[in-house]
Each structure stands twice: as structure tokens, then as C-alpha cells.
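Shared chain: chain A. Partners: chain B in the first complex, chain C in the second.
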Partner chain A sequence: MFDILHSLAAGFIHVLAPVNLAALAVGLVVGMLVAVLPGLTLVMGVVLALPFTYGMSVTPSIILLTAMYVSGTYGGAITSILFRIPGEPMDVPLLWDGYSMAHVGRPAEALGWTLFAAVTGGFITATIMVTLALPFAKVALTFDAPEYFAIVLFGFTSVVALDNGSLGNAFISLLLGMLISAVGVDQIYGVARFTYGTDMLNGGIGYLPVMVGAYGLGEVLARLEQGFASPPLLGDGKVSTRIPSLAEAWKLRATFARSSLVGVLCGIVPGAGATIASFVSYGIEGQYCRRRDRLGSGIPEGIVAPQVASTASVGGHMVPLLTLGIPGSGATAVILGAFLLHGIQPGPQIFQTQPLLVYTIFASVFVGVIGMGLLGYFAIRPLIKVLYLPEAIVSVFVVMFCLIGAYSEHNDVSDLWMIVVFGVVGYLFERWRFPIAPMVLGCILGPVAEGALMTTMISYHNDWTVFFTRPVSAAAMALTAVALLYPAIRGLRRRRSVAAAAS
Partner chain B sequence: MRPKARALLPYLLVLAGACVLTWNSLHFGFTAPGDRPGPDTWPRAILALMIVACLARIGTVLWSRRDGGARAGGGGGDDQRVVGEPEAATTGRYPLLLVAGIGLTIAYVALLTTLGFYLDSVIYIGTLIRIGRYRRWPVIAAVAVGGAFVLMLVFMKVVYLSLPIGRPPFSAISLAMMTIMHIR
Partner chain C sequence: MRPFKAFRFLSCWYLLLLIAVPFPAFAQDKYPSRPIDFIVPWGPGGGSDQTARELGKLLEPELHVSVPIINTPGATGNVGMTKFLTSPADGYTICILAWDTYALLATNRPQWSVKDFVPLGIVIQLPSGFYVAGDRFANWQAVEQAARVRPLKVAISGFGSPDEITTNFLISKGLKLNAVPFAKPGERYSVLLGGHVDLLYSPAGNIKSFVDSKQMRPIIFFSKKRLSEFPAIPTSKELGYDITLPQRRAILVKAGTDPAKVALLSEAIRKAVATPQYKAFLKESVAVPDSYLPTKATETVMRSDLQNMERIVRATAKK
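Moving on to the complex of A and B:
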């Protein structure tokens, strides 16, 4: 332990060097900007930043990209809460309580809780990353396709189980999303599915047009139908960021603990990551938090859980990347690319060959979390002012960012058609009271689930029992069953108590 | 439309779509070797679940006691608000505005490669703000012209995104803007 602390202290000294500190600051600002802009994903931002690191040495390069990654897990929360447009898939759960809280005139409180959660999650993940890197990585290395499928399935059931009103509608929405992700050339046999001979569908339907269209354009269309007549949020126009007090935060200590654990564990599992962590932690709160009946109505637990888990997953992702050379997400894959560009292969040996580099990266996460907190606090105040602009003008620019963001992914106008299609779908979902989030989750994680299931079936000769005979996948399957059964049992109890009260 | 029919509509639409896609999935024209699951396994499993879910929902709507019994979980109901989905505003509805907004967005996308990003965006921004019942014309004009300029500057100059410049004679406007922005 002493050796770790000694190396970390050296890392802190190194990260405070002007070049590294400048890279950190730039990374934090750009990461937050990219995440705030709807349609511009964090991974896209990290990819765009990669060419700028070619001329830099390896340490500031990795610090810059890691800082973008850290602040990017927070920045998207701002647009989720203020405009109901998730900057990233991981920000979708923040729409529920975050947007609800802002919608009833408490945007500063919602943003304050998000910022507090992001900073807390950041510190927790950085600490865990430093202390438990190697042991956790060894466990994750034993995971195979059945474990991936079981964990993704648990993510699916969690988001469906959240729907207290209509489990069926949420289930149909999830299946629609999974079906959308199945369009295009399949990943194992290379067979075109539901493409009807069109080039537009051959490459599949990305989650970005679905997410941005359904949430961004769909929401604007719904508001347009109401004549952009939303009531003003606050009468006096004076809004300030309200960071929760330590006493308020202490009341949510169980939420912080649960979500941090989920975030780190999901981060360590390659492919699981921030999005699953965010959804699963929200789902767990729906099952276990004291005020679960009010979840979705704008309570802090619903904001803290997904945000803590999202940020906590960063450290989890960095562990297998640094100790095993396995990237667990798109952003860490780009960071791995930056390592390789500088002739460094991450892996267990990097702790012997480049200890200063590793611990400088660890230290940069700690410093980056502080920087993210400061930046988030001062950036929130001017951003809240945007709410007081005429709704028609703000909405038009929301649509423009959605359209340009989707276009920028492939420089292809066909993505804009997808935005229009899913904008109308999003509007219809809103009108018919189908939740959009399960569709988006199904679209994002559908390929992961399909790939894991197909690999399992092929590898284990169609033996379905493998999901229940391997410890980790069996545990995830058991959690899935609990997630599915618990709402039903709870509903049954509720109906019985209502019937008893009536009689 | 009667409340029950309105509640059934989304499930019937999804069910019809699922049936069509199931039929399509039978004709992928590829057979997996041996007893391996093929490329149709995953989508057909999803579609089967979707059909079952839709039938279950339709059954719930049809067998519910109230005429609007679909509200217990169907489309258009008021008492089945999904957790986290904020309450819809209870203000008036303007379907014509919605149709105009969708039509304008379709036109924007369709004309993007012809008019170019700048001109198309100026028209789109200005018209959509006006459709959104904002009436201060000087502000609309300034926001449309200035907003399109700033977007073009940020995405072409900073993000290095190649936005459509349009076809002649409209491309002249985009090229003029690029000259002003010192974009080659």
C-alpha cells in the first residue's frame, strides 16, 4: 500500500506540471462541451481529439483524453435535465427525475445534485481504481459470452421493471429498440436483415439517430403541437446552483454506496460500461430506495444513482485498459489507440515499465474530478439562463444541433432522414404514453446481447443451461428474475392492500 | 375515434408491423450450418415476444370493464403514467403546427444538398421560429442569419465537419460564407 501511495504522490507532482495541467484543463472543457451538445457523443469527441495528440508526448495525450472521458460523463446530464435531451446514452435515466425536478421549477437543485453525484462518483472510482486495479481485472478476465449476455439481460429487465404503470408498453418499447438494432448486416454470418436492398439500411440503424431523433426532435414536435406554450420555470428569473448540503447527501448514503458499486463493477466488465451502470443503478433504486414509490417524480435519489454510476464506471473501464490492455468502452478504445500510437502497449507489464505514467494517469483522474466540479459549478449558471430564452428559438437550435450532430457521425444525409423518422416515432411514443428509454436501451445494447447470445449458443452447442451453471451469469440471471418478479409481487401486494382498505 | 379503438391503435400497428417483419425474416436466404442458430434467430425471437406482448395488451384493452379501460396500460390513458415520463402539459393542441413542423423538417433535409447548409438553415430556422408562434420579425431574421452563420463557423472551422455547400447557383452563397470565415 505504501508503494502505491508513494507512486501516486509522484503522479500528483507530475500531473501538476504545466503541460499536463494544460492538457487536463483542455480535456475537461472540451469533454464537457462535447457531452453538452446533443448528438455529439463523447466517443466522437475523443476520436476528434485524437489527431490533436499526435504531436504531444504520451502523458499529456492520455491525460487529455482521460479528462475528456471523465468530464463527458457529467456534461450530458446538463442537457438531459434542462432540455430533456440526453447528451449520451448514459444520461437517459437522468431525464426521469432530473428533468422532472427541473420541470417543476427546481433546475438548480437538480443540477446541483448531479454535480455532487458526479464529483463523489469520480473520487470513489479514482480511489477504487488505484487500490483494487489488479484483483478486479483478474476476475473480469474470466468473464465469457454467457456472463455478458446475462448482465445485459439484467440491464434490460431493470429498465422495463421501472415502468410501474405499464410493464407491457415498456416491454414493447424495448423490443422495438432491439429490433431496430437488428436491421442491417448481421455480425456473425454477414447476412442482410430487413434492408430491402437499400444502401441506407445496409449499414444498420445507429443508436445515435434513434436517440437524438426520439428524444430531441420528438420532444420539440410535441412542444410545437402545444404551441411552445410551456409555463415559465421561475417567476423572478433568479436561479442559482444549489449544491446539496452534507447532511442532505448523508441521507442518500445508501444510494451513493449502491450506485458506486454498480458503476465500478459495470465499468470493469467490458461492454457493460456507463450506460448499463446508469440504467441498472436507477433500476436498483426503483427496487430498494426508501422513496421508490416517488422515483420518477423528481427526487434526488433518481438523479444521484445514474450519475454516480456513470462517473464511477470510468475508473472501472480504466482498470482492464491499463492492467490488461482491454478497452471496455468506445472511449477507452480510443485511449488505447493513443497508447499504441506512442508505442506503449498497456498490460500488466506497464506497472513495471511505465509506473510514473500509470500513476500520473491515476492522479490526473483525481485532479480532473476536482476540475470537473469547478467547471460544472461555474458552467451551470450561464447554462440555466438559456431556459429563459423564447422557447421557439431554443427549440430550433436544439433541432439544429440534433441534425448536425447526427450528420457529423458519417457525413451522410441519410442519417438526417433517420432523425426525422425517429422524431415522429418519439412524438407518437409521447402521445401514446410509451416510454422512449427502453427503446433507446434496446437499440444500444441489442447488438451486444445478440453477439453474446449467438457466441454462447455456438460455443456451447445450444446449451441454454450454461447461463445458470456458471456462477457470475447465474447470479445475473437470478437478479434478472428478481427484477422481473419484484414489481409484480409489489403490485399484487398493493392491490390486496387497496382491496382490504376498500372492504 | 372511440377511446377503446384509440387505445388499441398503437398495439395493432406494432402487431401488423411485427407480422410483416416475421414473414420477411423467413426469407433471409441463408441457412446456418448444422444446428447453429442462424441470422434469423435473434430477430424472430424478438418478433415473437413482440407479437405476444401486443396480443396481451390488446386482450387487456378489450377485456377491461370501462370503455376507456385501455387506460390501465394502453395508449392515450391518463392513469398509467410511466415512471419518469413527465406529465404532458395540459395546454391546447395545435395539430396544424405539428404538421407544418414535420413538413418543414422534411423539406430541410430534402433541400440540404441543393441549397447548401447555410441558405437551407437560414430558411429553416426563420420559418420554424415563426411557426412556433414567435412574432418579432427583426429577432427572427437576426437569429436565422446569425445562428446559421455561427453553426457553420463552429462546425466547419472548429469541428472540421464538411457541411453540404449546395449546387449552383445556391452554392455561391455557401462559398461566399466560407470565404468570410476563411475556410478553404
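Moving on to the complex of A and C:
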């Protein structure tokens, strides 16, 4: 323990060196910008930043990329809450309670909760990363395809937690999303599905055009219908961040604990990550949070849970990367690339061969979380100003950034057409009060679930009982069953009590 | 140097934006006079991407224009191939073809064929092998013995790839193997380390760090000659298995491109791969040191590789 503190102290001194501190600051700002822009994903941002690190030495390059990663899990929350446009897929759950809270005139509070949640999640994950890196690394290796499938399946149930409106409609929307994600050449056997022989559909429909189109463009179209005359979101004009008091936060301690655990675990498991962490922790709140009945109506639990989990997954991802050399996500794959470019190979030996580098990275996460908090606090003021600009002008920029971001993902013009199509779909959904979120969720998690299911079937010779005989997947399956049955039972009970009152 | 690099990078993207908008075809007397798009049909960070980025960087001084990398991942490279083959045959789009994608011609019958492109040369050849975790299986004989008793799981990158062709070939020789596809490298490596699969098929370079840290060990290489980095590991040839499908990557330009432009590009690639930087990259990747093959030799290798893969696929399909 003393050794760790000693190394960490050396790491802190190293982080405060001007070059490293500059890299950290640049990384935080760029990461937040990338996350704020809908369409331009965090992974793409890290990839674009990689060539800048070619000429730098190893420590600042890794600090730069890691800082981008940390603040990238926070920035998108701001647009989710203020504009109802998720900056990143992991910010979709923030629309539900975050936007609802902002919409009833409490945007400052919603922004304060996300900032507090991101900073707390960051600190928890950094602490776990430093103290438990080696034992937690082993967790990454216990996961096989059945566990992936069971956890993603549970992620789907976050739709059920969202009990505002018809559950049937939510499922229709979810299945529609999964159907959309099935278009294209299938990932396992390479069979073309629903492509109608066109090149455009051959590559499939990614979640990005669906998400950016249905939320970003759909929202703009809805405002266009009203002649850009919708009343400003924030009537009183006193928007800034209102950080929750410690007493308020303490009331949510269970949510913080659950979500950071989910975040770290989803981070450690290769192939899961911030997006799945965010959805799963929202789903868990739907079952265990004391005010679960009001989840989705704008309560802090629904904001804190996905944000804590997203940020907490960063530390989780860094653990298998540093201790085993396994990149668990697109962003960590790029960070691994940066390590290799400088001739350093992460793995169990790195704690012996490069202890200063490792602990400098650890320390940079701590400092980065503080920097992210400050940046968020002060960045919100200018960002809010955007809300006072004429709506038509803001909408033009939103559309432009949506299109640029989506184009940069694959450099393919057909993605732009997809955005337009799903923009119209999103607008029509909104118009007819049909839920959009489950469709986006289906697009994001559908392919992950399909891949894991197919791999399990191949690996275990079509034996579906493995999902229930392996402990981790069985536990996740049980949670899923509870999540699905609970609303049904609750509905039944409510009907019975209404009947009893009537007689 | 550093600010210059940053400037060049920015200007690359700026130019990329410029050509993204419809470009008036004004008279060009000199080739190349604008950036050449380098399509990588895989995501950033992977083997093809690393090769293309290294090569693209070295091609820039030869061609005196920038060579921006464009990642178009999806469907074992099919998405990128479609994008490449729908671009004009003007010499301003080149593409890297990995043998994973090339193998689709033998297994999946994609919409394109070898007639659609001209290879400018093979730029990297990586011997592949089976890997085991830690100290499992003393040697290949132990693997063979185990695989005659119960099925062993092999983590592969996907169906239709050389990984699957090799596994199926061994199955046809009486080994009990079950190829399980894990498209993401991170998952492929962690299922081996976690003991969920018994073997991993991989080119040597991709998993160098795991081998260096003794978490993984090669147990057989599917090559003719032993690798200089692993002199103790036997090859498929000496163990009596007639299968050597190395991972190769070639650079392509569209069929119908002006032969003078093809010659100029081939020459630039020949010079780029001869640089000490590229040689160092090959060594770092555990590639064959003299990986490079010019156009004619590449065509010959591509033809024989395809015949070879088709033969193996036909022979194993009967089982």
C-alpha cells in the first residue's frame, strides 16, 4: 500500500511537469468538444488526435489520449440535457431524466448533477484503478460469449425502466431498432440481409446515423414545424451549474455505489464499455432505486446513474489495457497503438519496467477528473449562451455538425442520406408520441447481442442452457427476468387494487 | 519538425474536405497533382491500418502529395472494397487488400473479382500460427492428441478468412476443432488468456506483447520455413500439413487506370518499402523481411493463393 502511495506521489509530480500538464489540458478540452459534437464520436476523436502524438514522447501522448477519453465521457451530457441531442451513444439514457428535468425549468440542477456524477465516478474509478488494478484484471478474463450476451440482454431492459407511456410501443420501437441493425452483411457468416442488392445497404446501417438522425435532425425538423418559435427552454435566463449539496448527494449514495461498480465492471470486460455501462446502470436503477416509479420523469437518480457509470468505465478500461495489454474498446485500442508506437508494450511486466509511466498515467486521471470538473463548470456558461441565439441559426449549426460528424466516421456519403431518412423517422415518431429511445437502443446494442449469441451457439454447440449454468450469465439472466416481470406484476396489482376500490 | 507535422496533418484534412465537395475536373498535366486517397477497409488501429499509415507516410515524399488514410470498416473489408471500386479509375484512389478479404473470393463469392483491380505490389507478409495460453500443451503433438479425444476451440477472426480455411483443413485431417469467431482482437485475446478457448489463430506480430510477457506461446506456424524469431517452433510443412496461408497485404489501384500512372505508383511503393523506416516496421511486426513483391510477382502469388484456397475449401467442404 505504501509502495503504491509512494509511486503515485512520484506520478503526481510528473504530471505537473509543464509538457504533461499542457497535454492534459489540451486533451480535456478536445475530448469535451468531440463529445459535445453529435456525430463525431469519442473513438473517432481519439483516432484523429493520434497522429499529433507521433512527435511527442510517450508520457504526454498517453496523457493526452487518456484525458480526451475521460472528458469525452462527460461532454455529451450537456447537449443531451440542454438540446435533447446526445453527443455520444452513452448519453442516450441522460435524455430521459436529464432533459425532463431541464424541460421543467431546472436545467441548472440537471447540469450540476451530471458534473457531480462525472467527477465522483472519475474519482472512484481512478482509486479502484490504482489500488485494485491487478486483482480486477483477472475479472476481464472470466468473461466469455454467454456473459456478454446476458449482460447486453439486461441492458435492453433499461427500456422497461422507462415507464412513461406504453410498454408495447417501447418494445415495437426496440424491435424496429434491432431490425434496422440487422441490415447489411451479417457479422458472422457474411450473408447479405435486407440489402436488396444495393451497395448502400450492403455496409449496413450503423447506430450513428440512426442516433444522430432521429435525435439531432428529428429535433430540428420538429422545431421547423413550429416555425422555430418554441418558447425558450429556460425562461428565467439564470442558467449556470448548480452543484448539488453534499447532503443531497449523500441521499443518493446507493445509486453512486451501484453505478460506479457497474461502470468499472463494464469497463474491465473487453467489448462492453461506456455505452453498455450507461444503459445497464439505468436499468439497474429501474429495479433497485427507491424512487423507481418516478424514473424517467426527471429525478437525479436517472441522471447520476448513467453518468457515473460512463465515466467510471474509463478506469475499468485502463485496467486490462495496462495489466494485460488487452484493448477493451475502440478508444483504448488507439491508446494501445500509441504505446506500441513508442516501443512500449503494456502487459504484466509494465509495472516493473515502466512504473513511473504507469503511475503518471494513474495520477493524470486524478488530475484530469479535477480539470474536467473545472472545465465543465466554466464551459457551461458560454455553451448556454447558444440557447439565446435565434433558434433557426442554432438549428443550422446542429444539422451541419451532425452531417460532418457522421461523414467523418466512414467517409461515406450514404451515411448522410441515412441521417436524412432517420431524421424524418425521428420527427414522425415524435409527432405521433412514439418512443425513439428504444429504437436507438436496439441499433446500438442489437449487433452486440447478436454477435454474442451467435458466438455462444457456435462455441457451445447450440446448447442454450449455458446461459443459465454459468454463474455470471445466470445472474444477469435472473436480473433480466425480474426486470421484465416486475412491470407486469405491478400492473396486475394496480388493476386489482383499483378493482378493490371500485367494489 | 513538430509544428510542421501538425500543419501537414491539418492540411490533409482540409484538402480531404475540399475533395469531398464535387470537384471540377480541370486540365491536369502533371500526375499526381492532388492528394491520393488511401482506403483502408478496416478500422483504425488494426494491422492493415498500421501498415497503410506507415506506407502512406513514406509515400508522401515520393509522390509529393499527401496520402490521407480513409478508414471504411465493415463486412470483412467488403464495405471498403465497394467504396474503392466505385471511385473513378484516375489513380487518385488506392486501397490496401488484406488476405482476409481476398479469401472471400474462395469462400463467400463477393460482388467484385480480381479483374476489377491492378495490384501495385504486396507490401507485407506475416506468417500466422496457432497460439496457446501460458504453459498449456507442451508441444504440437500434445495438441494433436487432445484434439483427437475432445473438440478444441480455436478463436478466429471470422468465417471465410484464412483462419477458418486453415482450421477446416486441419479438421479434414482428423483433428477435432471448433472455430469460434471473435471479430474484436481484444475479445479474441482475452478468451484465450481466460481459458475459454484452447487455441488462437493469429499473425505473429499482432500478439508480440503477449508472447514477450509469456502469457501466450506459439505452438505451430503455418509456413514453409521456421521463423527466425521463433527457431524452436515447428512449421506446418515439417509436421506434414500442406497448408501455408500467410497473412499478406497488397496495394491496389482500379483496373483501367492509365498504365503510366500505375507504373509511377508502383515505383513509389518500391522506393517506400526499401526505406530503413519501413524495414524497421516490418521487423517490429514480425513480418517476412523481404515481404515486398512487385506487380508481376504479386499477380502470380495472388493467382496461386486463390487456387490454393479454393482447393482447400473444396477439399474440406466434402467432410
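Note that in this section the second predicted complex is superposed on the first by the 495 of 503 C-alpha atoms of A that agree within 3 Å, B and C clash if a C-alpha of one lies under 4 Å from a C-alpha of the other, contacts with A are read in each partner's own complex, and residues count from 1 in each chain.
Keep in mind that, in the parts below, a contact is a pair of C-beta atoms (placed from the backbone, for glycine too) under 8 Å apart; a residue touches a chain by one contact, two chains touch by 3 or more.
What you are looking at is a predicted structure, and each value in this text was computed from that prediction instead of being measured.
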{"item": "Partner chain(s) touched by A:Glu430 [first = chain B, second = chain C, both, neither]", "value": "first"}
{"item": "First, second, both or neither for A:Tyr189, with chain B first and chain C second", "value": "both"}
{"item": "Contacts of A:Ser71 with chain B and chain C, given as first, second, both or neither", "value": "neither"}
{"item": "Which of chain B and chain C A:Ser259 touches, first, second, both or neither", "value": "neither"}
{"item": "Touched partner set for A:Asp412, first chain B, second chain C, both or neither", "value": "second"}
{"item": "Dominant contact partner of chain A by residue count, chain C or chain B", "value": "B"}
{"item": "First, second, both or neither for A:Ile172, with chain B first and chain C second", "value": "first"}
{"item": "Chain B versus chain C as contact partner of A:Ile458, first or second or both or neither", "value": "both"}
{"item": "Touched partner set for A:Gly203, first chain B, second chain C, both or neither", "value": "second"}
{"item": "Chain C-contacting residues of chain A that also contact chain B", "value": "48, 188-189, 407, 411, 458, 461"}
{"item": "Complex contact set, residues of chain C against chain A", "value": "1-2, 5-6, 9, 13, 20, 43-45, 50, 70-76, 78-79, 82-83, 86, 104, 108, 111, 153, 158-160, 178-187, 189-191, 193-197, 208-210, 212-213, 215"}
{"item": "For the chain B and chain A complex, residues of the former touching the latter", "value": "9-11, 14, 21, 24-25, 28-30, 32, 35-43, 46-47, 49-50, 53-54, 56-57, 60, 72-77, 79-86, 88-89, 91-95, 97-98, 101-102, 105-106, 108-109, 112-113, 121, 124-125, 128-129, 131-134, 139, 143, 147, 151, 155, 159-164"}
{"item": "Complex interface listing, chain A residues touching chain B", "value": "48, 84, 93, 95-97, 99-100, 103, 162-172, 175-176, 178-179, 182, 186, 188-189, 191-194, 217, 220-222, 224-231, 286, 295-296, 302, 390-393, 395-397, 399-400, 403-404, 407-408, 411, 413, 416-417, 419-420, 423-424, 427-428, 430-435, 437, 450, 453-454, 457-458, 461-462"}
{"item": "Chain C contact footprint on chain A (complex, rising order)", "value": "47-48, 50-52, 54-56, 140-145, 184-185, 187-190, 199, 202-204, 270-271, 320, 324-330, 332-334, 336-337, 340, 345-349, 407, 410-412, 451, 455, 458-459, 461"}
